[in-house]
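The data blocks that follow each hold one structure.
Next come two complexes built around chain A: one with chain B, the other with chain C.
Now for the complex of A and B:
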């Protein structure tokens, strides 16, 4: 299993290098980001040539790419802010030893990876990290690392909230529909899923803004949700409870608009998977054993019915982050997606490359996590 | 005479489909005594499995429903039980083994989990005790290395092994009745006999009656006391194995026996086949259901539905209008087959 994970990580790295190379080369088709400056009469002669040389844009493409790649993976600063990363390291080490001793062998990798993942998250939050991702062409001075890093949090907040909504609502919905097949509720669910699934994400976003925020406010006089930004202007002055409320009122609509399509997909898929399991021979066996309907469904059906959806979710994560690009623009969300659209507009190579790679890394990691989850849920899956 | 273990009376189980009502089981009655081994034979769609599922109340409305009849088990009608009481019966007093062992076990739980689940449910014992009982059950079905088998998953075992586990699971709570629905059909021929021997030996040890559903007359001949033949949702003939094989009273039984290659016959004869295909259970033929395929059909067969009545030897019954006038045993096939 561990050999498998390492192999997957190596494949993942190769995938990411290939991805970065292809995107880098494709961006050349947009021409030099400095081209549009030729229209500016106020610039001194030779300025553009100087900047081109300064940014290394006059060098051969492969040299440029190689320089970018080697800088990308090189940390400028990687040091603990305080003692917390060291404490986390200790706790993780003890936890792994305990897992190795007490956990069932089949669940060991999942436990260990879970502990490592949580530990890494906590440790990274308490470290000074900086990579040399270059300088934003557009600003000419800000570090790409700062621009991307400061926005990744916003995108993950939105993306994971949306994923959470889609999972928490979509999966139980599908299961319930399967258990009450052909009932009114089931038909309604099917119809709604088709509507949600076939509506473009920007239509959903604008519709939510119009009806759930504006019209609702017109009719009731209550301002329930905000349609732009991640927090209010006075966020810093609010109490903790009010801060949570503020986040909730900003987050809800964009998260729902991303979640709806995935939610519709999950409920359909979960319904089908549950129906298949409900018809299976082993469920008949479970019933013939004298188990109650509750035990049959909760113990015997659910775990089997959840296995296929893991695959769907792991693929869907890419879609959710991709969907955030559009939604972030509609809702003025200060995340990677909106930055990405801005950067595309001005052919800001370093920013575009950095964001593509951050999303790529996220997808590679989530896919590995999904594979591990698969192995935990289904004993027939073996990685060796 | 002692009360029978199971008495089925005029059981009718219908399924509603878009094309119409499927009369999968249409008015069957039979009894099963304690420790009896009853074979139920018939071709696919004759209603054997639905009979078993009806007894276990595994038919799920609205797709299918037991419309009339009684199923008296130890003096009480199972059809009047509520779901909670029925759960005590299932697995505890009546156990069932299914046809395809490859899919009958839950793939995500270990053999031990699945065995112990039944044991803890019906015997009200602790986990530790259940573990010991499960271990013994695996040893009883002659699987080596019982301890390590407890930790294995179904996909790590062969079909024969899995069917042994199903048998262990079925018999682990010492049921009064074991319903085996084509338990060896999906298995290798070489393991079939082993599995049957094992199952019946263990059932005898526990005093468990066995209802063996099969389409294999050879299996019935080898392992059962009594046999009943089903056709088109009804029972067409019943008797002891000896009676039925030596002196079939119904043309369908006679046809089935004729299609069997037998090692115990002195003179060789050409194997017969029953012509035609099983009837649609939605549009059943008038009168006798076997009439369209029967070589001996006469006018009365189209007009009246034949009921089971005594025919042949004492205890033997047949649902054929002509049972008493035909001497099927001595009829030579060549003379009778038309076209």
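Now for the complex of A and C:
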């Protein structure tokens, strides 16, 4: 199991290095970022040369890449006297030891994953750690770490809401369709799923924004949803209930536009998985024993039919992140995706590189987590 | 004297002599019968044929120039005119005919879909079959490379390259600015899935008895691969390729929507939806609706056709006689 995780991590690291190398070289293929400055002909003589030397843009490409890569994983301003992360580390170590001693072997990986995840979150929040991801070329002064880190939360919120909607609606839909196979509802669901698959996220997003948010208000005078942003201007003055409402009215439309296609995927997948379980031998045994339909479906079919969806979620993560890039720029959502598009507009090397790698790391980690969960849920799966 | 002809030919001769000739049912006949029965797939095939003809023949048909503004009698530009006789889909903010922009926008989409599909089909089949047929170090290294390509997140990488392509000076302009460049990019990013599928097919097929029989009869590798294994693996290749064509069209449209695809004034469906969304808040709905519909209907047709092909190519599906 642990050998498997280590191997996956090594593969993940190789993929990430390849990803960053390709993007780095692609960006370099278009020439120096300084060629793009609008004010080039207004600058003093020698300024461009000076900045080129200062930012190391005159060095060979491979040297530049190596410097960037080593800086990327280099903590900047790490303060070991900050006590909280060390305490967290201790608690996590004790917890893992306890899990190893007391938990059922099958559930060990899930417990350890959970503890490590919570520990990492608490530690990251309290560590005041920063990585040397360079200085934004566009602003010339702000740290890339600050620009990227401050926006990760917004993308998390959007992505996980979308994933949640897709799972909560898609899975029951698929199960219901499987139980009423070939009924009108089933056929309708299948057709709608096809339509959803074939509709690009930006068409859904623009249509929702234009008609559900904007034109609906014009026609009825009722403001249901906001067109752009994550929270209203007066968010800080609102009461807690109103704050929740404000978040809801900003979050719903972008989350739905990402979720719709995933939702269709989950319902199709869940339907197929449920149908397969319903045809299995152990279900026939359960029926032959004379169990009630309810018990058969809930206790025997459902539990087993839910397992394969985990693999689909792991594939879907990359898709949801891609969707976030598009929806964030439609709905003015202040997340990583919008920053990415903005940075690309002005070809801001360090910001683009930082975000690409953050996305890559997110996908790699989520994939590994999903694979481990699959092994925990399905005892037949063994990793070697 | 021994007869060197195949048994089938001799039988046919016999049938012809005795007047008992029966038209043999080939795999293709079965395939066509099944496909024709899939009504949605047939409709989809019709829609796609219409689209392709329209897009290819567009210069010969009486469409306006998609990059020229329309003027009224007094010489004023007809901006944001709603759909009406003569201007069926209305005009956009610069007074250009939306119908002809949608038709010409389809060129970019269909070229990207077609070229990407061809590229993915060739590369995926090539890499997958080599890896599946020659186990050992060749297979290992090819599959590691495939894993690497599969690990690249499609959209983020495509956006970067799409943004950079027009700025790369040493690229010829038909690669940098046109749909071909986008298609090459998407093709190179998305052949990994097909390679894996083809490899798996080859791994299982090369152990089958009929391959062993062919080898025992003295067939060389080329004959075994092209005559015996590949025809049996054709179904997943076709299905996966149609899937990729749909995805490629969507991703190209998304790139153009974000402004990192084919640069204006060349019309693209993504660009039309992007502009259409901006002016639809003022009530000028036609660009958004017509551009979006063209895109969705095309991709939907491709997906339905893919679904029909999947069913028709599945030999385990029984076909009841009527």
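Heads up, the rule we're going with is that the second predicted complex is superposed on the first by the 358 of 384 C-alpha atoms of A that agree within 3 Å, B and C clash if a C-alpha of one lies under 4 Å from a C-alpha of the other, contacts with A are read in each partner's own complex, and residues count from 1 in each chain.
Here is the rule we use: contacts are C-beta pairs under 8 Å (C-beta built on N, C-alpha and C of every residue); 3 or more make two chains touch, one makes a residue touch a chain.
Note that this is a predicted model, so its numbers are computed, not measured.
After overlaying the two complexes on the shared chain, residue contacts for A:70 are found with neither chain B nor chain C.
Contact with chain C, but none with chain B, is seen for A:203 once the two complexes are overlaid on the shared chain.
When both complexes are overlaid on chain A, the residue A:304 reaches chain B alone and has no touch with chain C. Of the two partner chains, chain B is the only one touched by A:380; chain C is not. Residue contacts after overlaying the shared chain place A:290 against chain B, while chain C stays out of touching range.
Touch criterion met: A:282 reaches chain B, while chain C stays clear of it.
After overlaying the two complexes on the shared chain, residue contacts for A:329 are found with chain C alone; chain B is out of touch. Number of chain A residues touched is higher for C, counting chain B against chain C. On chain A, the surface touched by chain B in one complex and the surface touched by chain C in the other have no residue in common. On chain C, the positions that touch chain A within their shared complex are 147-148, 151-157, 159-161, 163-164, 167-169, 246, 250, 253-254, 257-260, 270, 273-274, 276-277, 280-281, 283, 288, 292, 295-296, 299-300, 302-304, 307.
Within the complex, the chain B residues that touch chain A are 56, 58, 83-84, 86-92, 95-96, 98, 100, 103-109, 117-118, 121-122, 153, 155, 166, 169.
Of all the residues in chain A, the ones that touch chain C in their complex are 11-12, 14-15, 18-19, 22-23, 26-27, 29-31, 194-195, 197-203, 206-207, 209-210, 214-215, 318, 321-322, 325-326, 329-330, 340-341, 344-345, 347, 352, 355-356, 359-360, 363-364.
Remark: chain A residues 280-282, 284-293, 300, 303-304, 307, 377-380 touch chain B in the complex.
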